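Same chain, two partners: chain A is paired with chain B first, then with chain C.
== the complex of A and B ==
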């Protein structure tokens, strides 16, 4: 499975709605879809499902704001 | 000798602007005159900690030396491949780093309210910075130590007394570069705007609420101590709103000065307030009120605790872990404010309301179709949040202690 689909599935699961799959440039924090708790769950899921280690220090909300930004971030981390 | 506490009077601003002018001319022409900048910083630090504050100055120097050794030592440990990233070494570094602050915070409790001799203005805010750095060093996010830059970050004088709390990597990014002329002109505009808005907030509105009205209201509250049950008079309600307004305008005003002066120096210190009273629930309130402190607690305590607890499957229920995280965060924040019952109750009150807010948000998500959402519910939720917050500030103010236990 590719990164994009995996990330979107995780996000849909965490936010409890498919909204994230429709609007990939929506800010997940402004809309209240993601909070700190969901963020931590996202980091853990990325670790389990894709084997990507993101320490909490590297999580800058601005860089992880929208589904598209998250996908880009995960892809760049995977190629490291 | 002259002693100048930051942002206290117009003379301070005039002196500061005169001192910053050469630096600003340099930045405008694409140069950051670092030596001049350091000298100005040193001078204004000296003004805060000289004359009758010399004792504090010595405590600050000792503190700076100790923190430098801890941060440098821990970074050498983490970047040396021989060593594994052991938890107890990290915990040791954190304990050493907060030790002086803990002593300062506990001394009044054991010494009849006297201040510790190792105390100095801003110790909490400096400790937030170094503890944050140690956590990022543990995560491998900070890999280099530059003594000069570290000292500038730690002792950045516009924010030394009460923040906003910046982050090392963010600060260094600004310090290392010179903004483009276009960008710098924009920063000067924003900086001056902040400073003038700060005048309005701190010297006009803060003065009105805090100096003109609050003492009279406090008198009225205390004279009605025994005329109404529990002393809960109408004056207490007035005191609650007046104190909340004072707290906001005084601290938001200070923060605007600190951010404004930083901008003039080409450093984009993060803002502390973003219309906090327009929040429509308490969770959002904390994203708008004293933001650098709440984000510090969010990133370094809450998220790390929840991450660790979930990874080790400490509890079955994720909701329970989030709730324990809230209690941990706000209890720490309460104790940090001081070891009095009202600061701790203030912390517990916020944690409780946040837990309820989360429960409500989960319920709302599930029953989205059946819950009305319109202009009335929107303003009603802002109104409720505002009053919840003001009530929490009433606890925080300590007046209930005077009313009930003194």
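== the complex of A and C ==
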């Protein structure tokens, strides 16, 4: 399964909204779709489903704000 | 060393007087025991000078700070139980608690978000009286014996929170057990992360002060900002860790969270929700020199009443970890549906740490508390199995109370608050379980009475004005109608099955 589809499925599941699959540049934090607990859940799911260890110590919300930014982040981490 | 404390305040004063060691570190810096001693005495004397109604509780409002601890302790020294309200609560919660508790005063260590009719002591007034000398402290009025020491509010099924009254004797029983049975040493350095409005914080606060240790506080803002959190944590040189398992799971996401970077971290104490096998295993791998303790207890029985050290052997032998053995002065039995003692059923806790009941709520108190063989007893609503050796295993709930990231939530509480919103006709919430029996999401199903452009966002925003942040459902699903049971109630179980069939 490709990264984009997996990430979007995780996000849709966490937020309960298919909106995330349509508006890939919408801020997940501003809209209240993703709270801090859901963010932790997102990182855990990425670890479990894609085997990606996000360096949480460098976690910057700005870089994880929208579905597109998250996909880009995950792809860059996957290529490391 | 064995401790046999008879009075919490005296024990802390004995440690604190003329002691120049640090007792607390917050974002303002470090504070000494001598400061704690002086400031609590002065502020308590000032509070007594206000001639508040005797024994009436006071609300203490604030966050993870030394001033909050000073103010809470000053209240009990002056003779008033404190009701901690975290500054990150919605203002509605402060209003609600004020209405239920009829406090003698509200002590704001931070500016209150709303003006209330109750006598309010402002942050400036508190600061100005930390050196108060005009009248002496009358220690005969200090909280002692069965008088209330603190009152912590928890979620209630009717949408109104319940105030659990914890007496000095309840707390004493808990503290004596903790300082003796967890291998904690004098002057221990302990993390102070859970907010003081959450009774898990009592697990770090009082044992550490009695042991002459240092509390290292992490603010709400730091907890929320992962980058900042992992910058600060390794600098604290922690020896003891108290948190929910969820917070440790978050920290385990950081690969630098390991013994090498926390060389003196030798104690992990968990409470508040289920500690899973995988979390315990990961922790012991990262911290091979540490002792990991799992504990269990409802707020009504003062923080925790069972404990067990989770060793590699315990992990090996159990698919689901035990919550441990009852503390020595406490009896835990299980009763079956017919009310008979059994090896499996609802856990009944009796002993000196069981609360006298809910503040100004005789109905709920009578439903949950009773006297058993001369001891105060509490029907926990938790299902458990008790093995022949006395070890106890958690099995679930008898009702719709859940734990999400350690926070205790009555689903009916959220239902009530959702239904009260103007655009909602019907609402019901269900938990979704992840791996390891843990709830990882609350999903609300709602029927609207009007078209909304962004129902999820709008509902979350409005709900946030009335309930705590952790009670806001992650997902809100709009339906045309909700399934009903044979007797016409919304069928939560059908919806629970629907959202949990993913595995």
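Here is the rule we use: the second predicted complex is superposed on the first by the 79 of 80 C-alpha atoms of A that agree within 3 Å, B and C clash if a C-alpha of one lies under 4 Å from a C-alpha of the other, contacts with A are read in each partner's own complex, and residues count from 1 in each chain.
Definition applied: contacts are C-beta pairs under 8 Å (C-beta built on N, C-alpha and C of every residue); 3 or more make two chains touch, one makes a residue touch a chain.
Fair warning: this is a prediction, and the values are worked out from it, not measured in the lab.
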Touched partner set for A:49, first chain B, second chain C, both or neither: neither
Partner chain in contact with A:14 - chain B first, chain C second, else both or neither: second
First, second, both or neither for A:57, with chain B first and chain C second: both
Chain B versus chain C as contact partner of A:41, first or second or both or neither: both
First (chain B), second (chain C), both or neither touched by A:66: neither
Chain A residues touched by each partner, larger count belonging to chain B or chain C: C
Contact residues common to both interfaces of chain A (with chain B and with chain C): 16, 32, 35-37, 40-41, 43-44, 55-59
In the complex with chain B, residue positions of chain A that touch it: 16, 32, 35-37, 39-41, 43-44, 55-59
Contact footprint of chain A on chain B as seen in their complex: 135-136, 139-141, 283-284, 298-299, 302-304, 306-307, 310-311, 318, 322, 325, 361, 365
Chain A residues touching chain C - in the complex, by the definition given at the top: 14-17, 31-33, 35-38, 40-41, 43-44, 47, 53-61
Complex contact set, residues of chain C against chain A: 224-227, 230-231, 246, 249-250, 253-256, 404-405, 440-441, 443, 454, 456-457, 460-461, 469-470, 472, 474-477
